[in-house]
Structure formats: structure tokens, C-alpha cells
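Going in written order, the chains are labelled A, B, C and D, and every chain counts its residues from 1.
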Amino acid sequence: MKHSIGVIGFTGYSGAEAVRILERHPQLEPVLLEHRVDAAAGLPLVRKPAVRRAPSAPEFVAAEGLKAVLLATSPEVSMDLAPKFLNAGAIVVDLSGAFRLRTPERFKRWYKEEHTAPGLLAEAAYGLPEYCRERVRNARLISNPGCYPTAANLAIRPLANAGIIEREAGVVCDAKSGASGAGRKASLHTAFCEVAENFSAYSILTHRHVPEVLQISGLEEREFSFTAQLIPIDRGILETIYLRLKEPMTAADIVSIYARQYGDEPFIRLYQAGRVPDLRAVQRTNFCDIGVAADAETRRAVIVSAIDNLGKGAAGQAIQNLNLALGLDETAGLL
Amino acid sequence: MKHSIGVIGFTGYSGAEAVRILERHPQLEPVLLEHRVDAAAGLPLVRKPAVRRAPSAPEFVAAEGLKAVLLATSPEVSMDLAPKFLNAGAIVVDLSGAFRLRTPERFKRWYKEEHTAPGLLAEAAYGLPEYCRERVRNARLISNPGCYPTAANLAIRPLANAGIIEREAGVVCDAKSGASGAGRKASLHTAFCEVAENFSAYSILTHRHVPEVLQISGLEEREFSFTAQLIPIDRGILETIYLRLKEPMTAADIVSIYARQYGDEPFIRLYQAGRVPDLRAVQRTNFCDIGVAADAETRRAVIVSAIDNLGKGAAGQAIQNLNLALGLDETAGLL
Amino acid sequence: MKHSIGVIGFTGYSGAEAVRILERHPQLEPVLLEHRVDAAAGLPLVRKPAVRRAPSAPEFVAAEGLKAVLLATSPEVSMDLAPKFLNAGAIVVDLSGAFRLRTPERFKRWYKEEHTAPGLLAEAAYGLPEYCRERVRNARLISNPGCYPTAANLAIRPLANAGIIEREAGVVCDAKSGASGAGRKASLHTAFCEVAENFSAYSILTHRHVPEVLQISGLEEREFSFTAQLIPIDRGILETIYLRLKEPMTAADIVSIYARQYGDEPFIRLYQAGRVPDLRAVQRTNFCDIGVAADAETRRAVIVSAIDNLGKGAAGQAIQNLNLALGLDETAGLL
Amino acid sequence: MKHSIGVIGFTGYSGAEAVRILERHPQLEPVLLEHRVDAAAGLPLVRKPAVRRAPSAPEFVAAEGLKAVLLATSPEVSMDLAPKFLNAGAIVVDLSGAFRLRTPERFKRWYKEEHTAPGLLAEAAYGLPEYCRERVRNARLISNPGCYPTAANLAIRPLANAGIIEREAGVVCDAKSGASGAGRKASLHTAFCEVAENFSAYSILTHRHVPEVLQISGLEEREFSFTAQLIPIDRGILETIYLRLKEPMTAADIVSIYARQYGDEPFIRLYQAGRVPDLRAVQRTNFCDIGVAADAETRRAVIVSAIDNLGKGAAGQAIQNLNLALGLDETAGLL
């Protein structure tokens, strides 16, 4: 007997990926909660596959037997729906940025709007299991991390904690994402002929994911330079992170710091010193792959961190969090 | 009556691009010099277009009336051919890395082989017209710059010269190139299914283009971190350059430094403060486009520099150099 | 002294391509006529290039010295604007489908709307110079052919005229186009993540370009099967055309029929028997490339016809027509 | 306790896909059999995942406990290895073309070489389960079908059997494949810059997959025109099939013929009349999706058949065959 998990926003890229993972999950199964613009998703098949659908109204939580609801929606919609589904008794995993920042002031600065459910900010567990596993296990509301911060924090925090970064020199995170990161919508900006055979930078130093990195990595804003860039591919995030070391260290030294931190983590894969991941290695997985190059003499280090933006960067991590919150094996449905 | 220009390596991407530019040039015309593996280039048309072909042997320079020869070849071949064509009286523009570094020791360190024509290193003019125009005008041997260094040096040198960079913090150049930068050859590494829907970093901190940046920008090796990365597109280089400012400056302040340096340069285009180029803007042109973002308070600046790797990064710049060396309008055939 | 040519719809892909061609044209120059939604096209450069702009109102035709106007607009807008600019004394080249079909009834059947300028249908010259050159030379209103019909008609008509096709067996045209053929607009259908790594067929047997093929090729509707398909690339159309021969013929026999028809045509290139073009050969050109494979014994023939949908399929052919109508060299600005 | 299945050629695209499917299979597990050029496949991880490797020599069949061996190799290698592994007692599923044609003469005509194991041709079961299920269940040697013939035969055979095709008019199959269909190898022909932004036809009327279509569909060679074409994507085959109907029929009539044929087939999905699949629908699945458009009045019909060339076109179908031969649930590991 599988637990039913509601998915709102199932026609978007993250929502659809969550449905795909849930369809293969040994203990969970998806229920498509129809919300506003959700078109009749799915193929025009003669024999329709059986997937349950229901209205997205919270009063159906009990009727549908929903243990949890995934919100693959915009921050505005999430701020509206999260309290309602929590009141209805469901665990809520929100994939938007609505509950990631710790104060309404910070939310307003970076998202340029008022927070309409500020009372939930303190309660929301930030769903990066490698650092917040216990809070997630006991949470009603889980704020699933942003895609860019996931790759950045998993790479930066162990080194910041180890105290090996010369922080006055600053840490640079040059981030690149496939186009699915922009969401599924009609937009000239993401039209095929604008994106294909192109490469472009956006939100330089001002991306709304920056404060999530600061919250988890421990870096100060003045120490952190971040650029988001659009790769003409479907999915994947690769971040090239540059830092200066306080003391001479080799790539192998740095890999061993990661190894100590992430010893048994099921979704972190470390590369041999001097080797780095490409996107192919992580696409359609829930892994975060990390590799290191360094020059000990000049104390320059470069970390490459790669995830699937729809996997560990969104739907995969959401299911990982859901597994924890429901007391299941953390890796169920994800390997 | 047009000058004849020999092109060796015309089946490669840079060589073919040089032929295309020369075919539209008002005062020059190409002669295809057949060398070793040059396959029967061109389309299997019923009516063949008339393009002159000749052997690549230097003794044909006079017979073919060649004013100059472009070497779109490997460093090994260029080291072999350049002296021979110079002796035959032709101006030589070499697109390989053979003559870019100033000493045979430096060549050996970065190219991992002995230089076989070290006597020409001192004579070779480094063909970055924005900084070496007079030397190029009077040169017999012009070493066409590497693609990555062209974009990097045009962006970094004005700021280094202006003394605004806090150099101890280091300068980061995160470079991305289309696949044509790897040359035209059978290789699993550049096979469609390996490159498409992927993104990968290579030669982190150790790329052979690094010393060219040091030579022109004036940075020290320990101050400069460089990563080359492969975008799944045909052509274009975009470099995202991070630096810390000595004093608070706005993006507009930095743009005005560039404007002073590049006032009338025909192939440098500056963007309004806070705006940056994408690759679409420069593909199939000889432009280098430069844009700036900065945060004055925290003294972080990000420069985006974009070129076509086959244009300003190779064949376009080679024709620009050739125009200078032949006393023609520098922009002929290039706008 | 160059003739000024107005371009309406210059932010679309076809209109922008027309502007690019006109900027390099030896005798013509573009004037951007601003119409409705035309965003501030162009790059955010510090030094703006000088391109004339003007309102799109017909009363400015004399004031701007416009010899002709290119309408790179929808059929609805073209039906509205064409009569107005003709009345103002300009030659009009319309890139939409508004004036391609010969009767308002046919227009209504295929375009699902009433024709609002039916009086111009008889006057409009169909701008396929290889077959309608004299009419174009003397026309005030030129209807630029559709992209798919251009490639199809140039391939089919010589063989239909020669009477070698077993017409009862039918002619199949399997057409593939890059995404720029769908125009520049915000649409989920043409979003990067929907088009990339995908391939899809649409408008099977019902595409509105079908009647243009019938008008020129001489085939009957029941004899012609047409499918349009979307390739995940920017530009280019390749059509694979299948037919059965009345008598045994080799590929060389068929190529020689084309050679007789197109002997001196500047923009038709024929391939050696058994060889066929790919899209690379025609991108960014005004050529239509044609190649033939055939099996004499079984009387099966396959023709491959390739054009750039923005070149010979739209803007290039529009300038070719304009050259004819203005009495210029037909190839000016196009080789 | 899982059955061990040897995979030879596991670094190629089909072989690697087979390993991926086997790793998720509930009753099977892969053993990588190292053969000649197999590089050290896999990522340079610090902690290596445990995948068994062994020499590819047949004498290890018993030692490794291999129930079956998949040959993801060239026809030459398969002709050499298949008899050896059969003699060693393993079931062999061959993904090459070595055992698909029924006579050595036919093999020689289409593959341009002598068959070196002709004695096995009569024994080999052609592994298209929808038509050869019982033979596969009892086979020692299964010849996995070609990718193009799989999509073609599943679409054509029901209509040919139903006797609705006007065969004298001929059947056209215009086939398009992603680049992984060409295999994993260094080749200029499949280099990124040659394939990307391009589209090309090859082997027109002469492709070696043609005789497989004739064997299964029942069409005569003179009735069948086939063109293979390369789409600039990684994976997927879409075939657009054109035919003339003997009698007027609607798309719905034709869909119902398919429904009768394929009623309960687990891997055939039929589309509603007038709707057709795109590649997205079938990528990374073992499905063959079929859709129909038709014009009853003119008796023209167009069938679109789509598969993943590495799924139902290679590794997926190989596992489907293996499931049958081992007496497992036919869909195990494939849904």
C-alpha cells in the first residue's frame, strides 16, 4: 500500500520530474492536483495510463489520503497554498523560494515583494539533508533549496568550515544552468532560436539565490561573487568555484576534506584529485558531483560542482526530503 | 587587381573561415595551398566554383604571386613552414601557438615540446592590433593571438593599466568556448553525443593560453586563475572575469576606462553600464564586445568579454593583421 | 547614393535577416519602420550604430524617400498595409502568405479567414524568379513565396514539366525546418526545452503551404503528400521528395533535366548524381541546392532540396525580387 | 539472487544503455566483459561503485555464472563471438546486424562482406517480440532487430497484413535518427561541429536496414523507398511513412487496425486519430509510439512511428528479448 503524494504544478519541468520519480518510487505514488493553468498534461494516447487526478483544494487532503503535497509553483502561489495544506494536515515540500530565507526583510530585498506568510519562515526546515537532516525529519514544512545554492553550498561549506579559505580574497562562483531552470512557460527569452547556439550571463551579483548561499556557506555577501549563465541544453548545473587558500594545499588535500565531511552521504560523489565532473555524469540523477583542481604553490583552488537542476536541484531533492519526513529510506526511488 | 593570399589548412574551421572572409574581401583573394591531409574540400557540385589551388611548397610563392600566407596549422607544422615561406618572400600570419610566447623555454613549458624555430620568436609580432598595431604594420611574421587570450587581454589590460585592480585578491577568468575551438578532426572527445547536452571544464589552471594572457595583461601567474570550458555550440567565446577593485567604483566608472582606451577602435564594442554581451551579438563578426557589472560598496566587479573564436579569435583577426601588414584599410572585408 | 528600403517587422527573424542583407547591399540601404510591438531592437551599445528609423505610416514614404517596403509581417497586417503603401507609391514585397494564393476562396480554405484585400490577388506577382522573373520585374506588389514551397517547387516543377513522374503513384514531400521558421515570439511550442533534443511533425497533409506547391508545380492535391517537421536547429529547410518514374532513369538522367532547366540560374546549385546537399551547404546563403538519388530498375527516385528558410525561403529571395523590380543586378547583395 | 548477464561492448552507446537497464532490473545484473578497446569506463570517482568485470573469453561463462551474453559489437565481432559463447552454454543476444538476414547471400549483398558463421542464420530468432515472441522464448541465439526496421515494421506490417495498402504506389519511409545511432567512435562525420545545426540524408535507397524491413513487413524491394537522415540530437528515431490506401479510410479506421493488432502489447502505444508522437514521448523508454493522419477522400495516409534508438531500437528491446528467453516477465526492468 503506497502513500499518496499530491503534486501541484505537475505540468512544469520540476513538477513533472517529481511525478516521474514518484511513479517509480517503491512506497509513494503521485496524485496530480489540478491548479489553474495546468493543461491536460500527458500524451494523446488511445489507452490512457491510470494516474490519479484531483482538485488542488486543501479540503481534499483527507479525501484523497494525501500524506504530503509538493508545491512546484511560484513563490506567490506557494505563500498562498502552503498554510492551507499545512492546516489540512499534510506535510508540505515547497520547491519555490517562498520559505528559503529566514526573515521577511531578506525575502523582500531579494524577491522584490512582501512575504504573505511570514509566520511560517521560522518553522520551515531548509531541505538540504547533508546539513539539515534532523530538522527535515521532524518538519511539517520543508523549503526545498534553490538549484544554484545546492551545488554551491555542498561545495563551499566544507571548505569554509575547515577554515582553509582566504576569505578576504573573495570566493567566485561562476554558475551555468540548462534552460529548464527557467521553468516551463511561453517567453521570448527562452525561445529556441534565442537560446540555441548562444550563451548568456544574467543577474550578475544580484541573483535571488545569493542569500541562500550566504545562509548556509557562512560567507559574507562582500566575499561572494556569483554569476548565473544560460547553457543551451535542457538540464544540468555546473558551477566553477574559485578561491584562494590560506596555506599551500594540494587538490588531494582538499578532496580529503570533502571525504571527511561527506564520508557516507549517499548523494555526494567525490572525484579523484585533479579530475572534475561534467554535466553528463549527473543528468537524471540525484547526485552532486564534486571535483578539485589546485596549485599548491600559488594557493589557487578551483572546485567544480555539478548537479541536475531538476534532480538534486529540485524534484530529486524534494523526494529525498519527503523520504526523510515520512521516515522512509532516504534514497528510496532515487538510485 | 586583387592580392593573392595563400591559405594552408583551409579544410580546418579557422582556415575555412579565412577563405570565406577572403572571398568577400575587396582587395584580397584566397589561393588554397594543398597540404598533406587536405581532403578535396568543397561541395560535390555539378558546376564547380572557381577557386585557385596550388601546392603548398614555398617555391610556388612567386609563381602564384602570393603576397602572404596564412598558416591555419598546428604549432609543429607552423614551426616547419613559417621559415620557408618567409625565405620565399611572403608575409606569414601564423594562427597556431608556435610564435606567441617570447622564449623557447616558455614554449617548452606550456606546449611540452622543443621549439624548432626559436630564432623567429624575437621577430614575430604579436598580432593584437589594439596593442601592437605598429609592430604588425612592419612585420614579416605575425603571430595571431590565441582565442581565449584575445578576449581576456582586451578586457583585462585596460583595467590593469589603470591600476584599479586589487591584484593580491587575484583575477578569475572563467572562459567558455564553442566546439569549433577544438579544431576539425575525428575525436571521441568532440563527438556530437559527447558534447551535446553536456558542459565540461578542462585544463583548469594549466591551459597553454595562460602565458599569453600574462604577457599582455601584465598580471602575474599567481594572480590569475583560468578555466576553459566547452559549450555545446559551434562557435563563440564568452569569458566572465571577476576582480576586486582597489577603490569603490561603479560599472559606469569602469566602462569609461574602457571608453578612454578603446575610443575609436573599430572592433571593440562597449555595453552600457550593467549590460553585458551574449554570444549571439558577436558570432560571425570580428568584434570583441565588453560589458561590466559592479557593486561599488563591496568593490566586486564582473567583466563579460565575448568574441567569435573563429572571428576575432582566429581568422577575422588574422585578416585584420594582414590588412595592416599590407597597408590596407584595417577593416577591409571585416565589417 | 543608395535607395532606401523600408522594413516593417524588423525585429522578427525574416525582417532582421532582410535588414542584415540590406546593410551589406551595394545599392540599397534599410530604413526600420516601427510598427506596433517592435521592441527597441539592437544591442545596448555605448556608441549606437547609425540605422535610420521612421514611423511605419504610409504618408512617410515620400518623406523618407522609400523606393520599396518589405512587409515581414503576419498575413493580417500585410493585407492591411500593402494597399496603403502601394497607394503611397512604394513597391511592396510581402513576405507573408497574404497574396500567394490566386483566389480569396483558396485563401479562406487554407488560412481560415476572409481576405481583406482580394482586389490585389490578381495583381500580385508570385516572387519565384526562376519561374516568374518577367512578372516580378514589372510588379508593384510582389508576393514572396513560402519557405517550404520554394524548396519544393524548384525541385518538383522541372520533373513535372518533363513528364517523367508517374503521377498516379503520388509525390511525397517530407519537409523539415529549423525553428526560426515559426517566427520570433513567446510560445511554449517553440520554447528551448520543448524543441531541443526533440523532433516533431505537424500539419500533416493540411499545411497552408500546400496550395502554393500545387499552383507552381502543377501537381494535383490528391497527388501530393506533404508533412512539415521541426528540426532542433535555428535555420534551414531540407525536403526529401519521393516519386516514381514513368520510365527507368538514372540519377544522372534526372540531374541533366535540372541542368537544362536551371543552366544559368545564379541561385540554383546542382549536385553530382547520387550526391545530395545537407543544410550546412545552404545556411546563410540564397542558394537552393538540389541532389538526386535513383534506382533505375525499380523507377524510384529521391530528390533532396535544401534552402535557408530565412535566405532563399524569405529575406534573401525578397531582396532578389527587389533587385529585379528595381532593375538592379539580380544577385546584388546576395553572393 | 539475480542472474548474471555478460555485456560485451559496454563502452558503446547501446552497450552502456544495456548496462544501465540491467542495473535497475529486479532479476538480472550486468557483468562487464572486457573486450579489446574497452577503455576503463566509468567516472573517476574516489569511491568506485561495485560493478563486476571479467574477461570476455567464453571459458569464463561458467566461472562467472553467466546465463546470457549481450553482444553490443560490430557484425564482424559478433560473427566471431556468437558461436563461441553459444558453445559455452550461454544464451546470446546479438545487437549487431550479423544474424538478422536469412541467407548468407543477402548478408553479403547488404553488408559487403562474407558471413563467417552462416550455419547460425537459420537458427537465429529475429527478436521482434510483437511478431516472433514464441521463437524468442525458445531461442539460444537472438538477433536483435535494427533500430530503423523496428520502427518501420511495427508501423507497416499491420497495414500490409490488413491488405489496405495500394502497393503499386509504393510505401515511403522517411527516417530520422539521433547521432547515437552511428555508434560511439572518433569520426569527423559525427563530430559536434559537423552534426550540430545541420541535417543530412545518407544511404538513400541503399541502407543495410532495408532488407530487414522487407523480411518482416512483406513489402517488395521495388515497393519500398527508404531514406535515413541524421538529426542533431543524441537519441530517438522518428519515421514518417507515406502510403496510398486501396479504399477510402479515415485515420480512425487505421488506428483501429493497429488497436486490433496490438491490443495488449506492453510496449506499443497508439495515438488518437490525427495525433502523432514526437521524440520526447519515447526517449529513454522501450515504447514504440504510433500515430496516424489520413485523408479519406484522396486515400493518402501518413503514419508516424517513434522509438528511442537505444531503447526499443537496441538495448531496451534486447532486455525485452532476454526476459522472454529467460522466462521472466517480458516487461521486467523496462517500465
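Annotations
What we mean here is this: a contact is a pair of C-beta atoms (placed from the backbone, for glycine too) under 8 Å apart; a residue touches a chain by one contact, two chains touch by 3 or more.
Just so it is clear, the structure is predicted and the values come from calculations on it, not from any experiment.
Common neighbours of chain A and chain C, listed by label, are B, D.
Of all the chains, the one whose CA centre sits at the greatest distance from that of chain D is B. Between chain A and chain D the centroid-to-centroid distance comes to 37 Å (mean Cα coordinates, whole Å). For the pair chain C and chain D, the distance between mean C-alpha positions equals 39 Å.
Mean C-alpha positions place chain B and chain D at a centre distance of 46 Å. Contact of a single residue of chain D with at least two other chains is seen at positions 194, 196-197, 232-234.
Of all residues in chain D, only 13, 178-180, 184-188, 190-197, 232-234 touch chain B in the complex they form.
On chain B, the positions that touch chain C within their shared complex are 43-47, 197, 255, 259, 269-272, 275, 277, 281, 284, 289.
Touching chain C in their complex are the following residues of chain D: 168-170, 172, 174, 176, 194, 196-201, 204-205, 221-222, 225, 227, 229, 231-234, 236, 238, 240, 242, 244, 276, 278-280, 283, 293-295, 297-300, 302, 304.
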